[in-house]
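Sharing a structure below in structure tokens format, with a few things to ask.
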Amino acid sequence: MSNIPSDLRYTKSHEWLRAAPNGAVEIGISDHAQSALGDLVFVEVPEVGRALKAGEACAVVESVKAASDVYSPVSGKVTAANAALASQPELLNQDPYGAGWLFRLQTNAPIDGAPLMSAADYAKYLADQAS
Amino acid sequence: MAFIPHTPDDISRMLEAIGVRSIDDLFEEIPAGLRAGALKVPEGVGEMELGRLMSERAAGDGRPLNFIGAGAYEHHIPAPVWAIATRGEFYSAYTPYQAEASQGTLQLIYEYQSMMCALTGMEVSNASLYDGASALAEACLMAVRTNRAATSRRILMPRSVNPTYACVARAIAGNQDIAFEAVDFDRSAGRTPLESLKPYGGQDITALVVQQPNFFGCLEEVDQLTDWAHQNKILVIAVVNPISLALLKPPGHWGERIDVARGADIVCGEGQPLGVPLSAGGPYFGFMATRMQYVRQMPGRIVGRTLDADGRPGFSLTLQAREQHIRRSKATSNICTNQGLMVTAATIYLSLLGAAGLERVAAVSLQRTADLAASLSRVAGVRAAFTAPRFHEAVLLLDRPAAPVLAALARRGIFGGLDLAERYPELGHAILVCATETKLAADIDSYAGALADIMNPSRAAA
Amino acid sequence: MTDLQLREPLIFELSRPGRQASTQFPPPAFGSAEIPAHLRRAAPPALPAVSELQAVRHFTRLSQMNFSIDTHFYPLGSCTMKYNPKACNAFAMLPEFLGRHPLGPEPQGFLACMYELQEMLQEITGMQAVSLTPMAGAQGEFAGVAMIRAYHRSRNDGGRNEIIVPQAAHGTNPATAAMCGCSVKEIPCDENGDVDIDSLKAAVGPATAGIMLTNPSTLGVFERKITEVARIVHEAGGLLYYDGANLNAILGKVRPGDMGFDVIHMNLHKTFSTPHGGGGPGSGAVGVGARLLPFLPIPMVGKDGARFRWLTERDLPHSIGRLSGFMGNAGVNLRAYIYMRLLGREGMVRVAEFATLNANYLMKRLEAAGFEAAYPSRRASHEFIITLKRENRLYQITAMDVAKRLLDYGFHAPTTYFPLLVPECLLIEPTETEAKEDLDRFCDALIAIRREMEQEPEKLSSAPHTMPVRRLDDVRAAKQLDLAWKPAA
């Protein structure tokens, strides 16, 4: 069973989102996603300052057997990107919810309207997908 | 049965094992109404008979004395090149997907990539593309993916770039809404002046294509052009002749300013001069090299050196996640097959020539073309078109339409050059000529003599 | 083979300053021509300096590390690794053909071959005209979809920009659609490997540009509903594209034109036995029906009276244009021509017959030995799929392990993990040129490997054991990129 922290929210394309009260959010990909991709060999993160729309492809995660786009779950401006992943993509495999975060956004709209799942719903979604 | 080993006994035992009565039963799933009737194709012939036909057709085509270049160049090909490249182990192998059973091809491609990096002064090379023209089209698509400072999808294509390459780039890249803007050349120098680029300064442009030597054989002021592009956040796509790089500044070193990035960003070109025969236009191979930071945007296969399970070095295809079989509609290109066998020939060619041999080939070609242009210009009614320094091609102006003159030369077994009337009508009666190291002084004399004879028959008779 | 025989240094490691293969150098030329200093190269390129024998031996030894058709059975599914007749190479390398500059006066002997090749390909595919210029299958696909786009635009119907592909399609199909500025709609196949008709009906509409199909499909079975598929797509205003990857299976038996296809590309390096060359050059000739005639890529070969000539922009002003600097992979096309003349009409029909016989025989033998065919109720075409999902569950053995172990038995591996729909699959294509004994030996090897799965599975998971290298670290290759040798500083 993959690890699904209960304090995060999730998308159907396997991104997670960690929200702070002031509209700042942190985004990465789930443990399930990193495990399905296998050993990552390259991660591309968005440039700081870039304005993203919800659903926009903004990062790429690449393993030997697959390359996937990462979609921003919400709209906002990129305030930080995880530079360590450039030389150590394995951080994303080792610690997808911590050292393997991808980028941070400042949102200006409430994120409650975004199509995000709770940890419990995401776990159920993964179970449905598997069956 | 041609190339089919089955004996009647084999066939009956195989049908029995399958549980059908005839081979035709195996096609029962094809709806009867769709089945083809007898094909209108000639009957098969044996190797001896066909050999005679092919020899006759080849003999009819003859072996003219060739002074045409224009993107395909006649160089000496060392005997070992094709003796080895046509060994079955290279000739009849597939793309090296099973790395452990393809180390020969993989190591060879790694060596090839290394040689192309050395020649171009770039950090990474792919394992080849189809040909020079399509390589430029792929370079344009790559530039659009790579240059994030530009959103316009506009590419500056000087008119001194091989016009067929420009056509191919439009045919291939044009489907993705890329606009090509023609940049004029200096009528007397024969190269692209900085002034013709100035109107584009400060605009949103993706890339500038620079061909060195250009289609006319003239040398562009590559440092100036590169610096201008980089100052304007425009990527430089270099189109180069690999033989010329033995003498010319490699594109990786183009540019003089220290405040902007040095060197071309994407380098591509036609690999045919490196040991591949003219062969009526193909197969040739395209090459492409770039900076390491852009490697993931580069199309085509790439070989990397890695370690095996015992920690010993070995080679495999790498960065495959960019490619169509994994990335499907988001791949860098739909390219799948490349030109492996031609790369095999080129790698053997470059190994045999080395830096010293390649420099000799380039220097002799340079001199022969200078001799040819001087010799032909002494014929009344012929003069050189451009003043810029050149490599191994030259544009000559005739005082009358070129087509009948070239046709008369062809009747004497001489291919005297390419008529530029359709491609560059503004030049007047212009031809593009080329002499490589394969043309000896006597060959140049024959051409000049025949040309004088054709253009000034009365004088020649007197 | 011993370790000593199998390791070969890089050519750069054999290099010594001052060593030369000087027989290959032209004599120096005397004169004053030179390159201006600011355009000149500062230091020579780091190319190897070796003797002629060193180069010959090095590349000969490298060749010996390859599996190839000439040395090994090579049942690589979807690749048609049949014998490449030596005559095709020998005649294509006649000096007059090799020495011909593409921009000289039109060579009648060579063009006669190209013209006849166009006509033969046209006849066996049931199309109206053929252009030989695309340089590989993927470029043929590009030409095909670009022609479909041009056709819709010419009818002021340019909004049609969706290409439908079945899930089992080769990866080049969606990649090609994207290169032509189209979006891709994937539709599923039913449990017997045919296109799901209801999904197709739901997918077509006013935005449909066309559908790309391989038939027999990449699942190794004939698409039985092809006539219905053609009707649905045509009624929706779309065109049908035939991916010729599997043409070998139906050569002379059924013609794509008769199935309703509007455009087809052929892989001459598969069906018509031009060499694969370790990854090219291929050739991807395209054929079209009446609707797409004006859009064919140039140059083509035409005939005025008895004289052959190139057809260019002037003859075909609506062409999608040029895809290569000259006329595609001319020498590859010449090899295909020679092959077709050697086979002739009876020989071409036999290609499909014996390719199909070999595939069905091998499938039945493997099924009898306990392997699971992916579509057991169907006839194999020229290839078939074995799925190892049961073996994977029982012994934790993957298709990759079996592929690598086959190398130790002296067989090139079948295609693995394609099509993506079938888990742990081997796509096996024996081709018509293999003898029954070789099929039997291959079958015996797989049976022996099956025994190893049960008794000593580590022999598989650590395979291969007899190749020049053991299994390679692909993660390291992609992470610590080493893509070129560099001279020591």
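What to note about this one:
Order of writing sets the labels: A, B and C. Residues in every chain begin at 1.
Here is the rule we use: a contact is a pair of C-beta atoms (placed from the backbone, for glycine too) under 8 Å apart; a residue touches a chain by one contact, two chains touch by 3 or more.
These numbers come from a predicted model, not from an experiment.
In terms of C-beta pairs in contact, the better-connected of the chain pairs A-C and B-C is B-C. Placing every chain at the mean of its C-alpha atoms, the farthest one from subunit C is found to be A. For the pair subunit A and subunit B, the distance between mean C-alpha positions equals 43 Å. Between subunit A and subunit C, the centres computed from C-alpha atoms are 38 Å apart. Centre-to-centre separation between subunit B and subunit C, using Cα means, comes to 21 Å. Residues of subunit A in contact with at least two other chains: 41-42, 62, 64. Multi-chain contact residues of subunit C, defined as those touching 2 or more other chains: 474, 478. Counting partners per residue, subunit B has 321, 326-327, 330 as the residues that reach two or more other chains.
Residues of subunit C that touch subunit A in their complex: 474-475, 478-479. Subunit A meets subunit B in the complex at residues 41-42, 44, 47, 62-67, 69.
Residue ranges of subunit B in contact with subunit A, taken from their complex: 148, 296, 320-322, 326-327, 330. Note for the complex: subunit A touches subunit C at residues 39, 41-42, 62, 64, 89.
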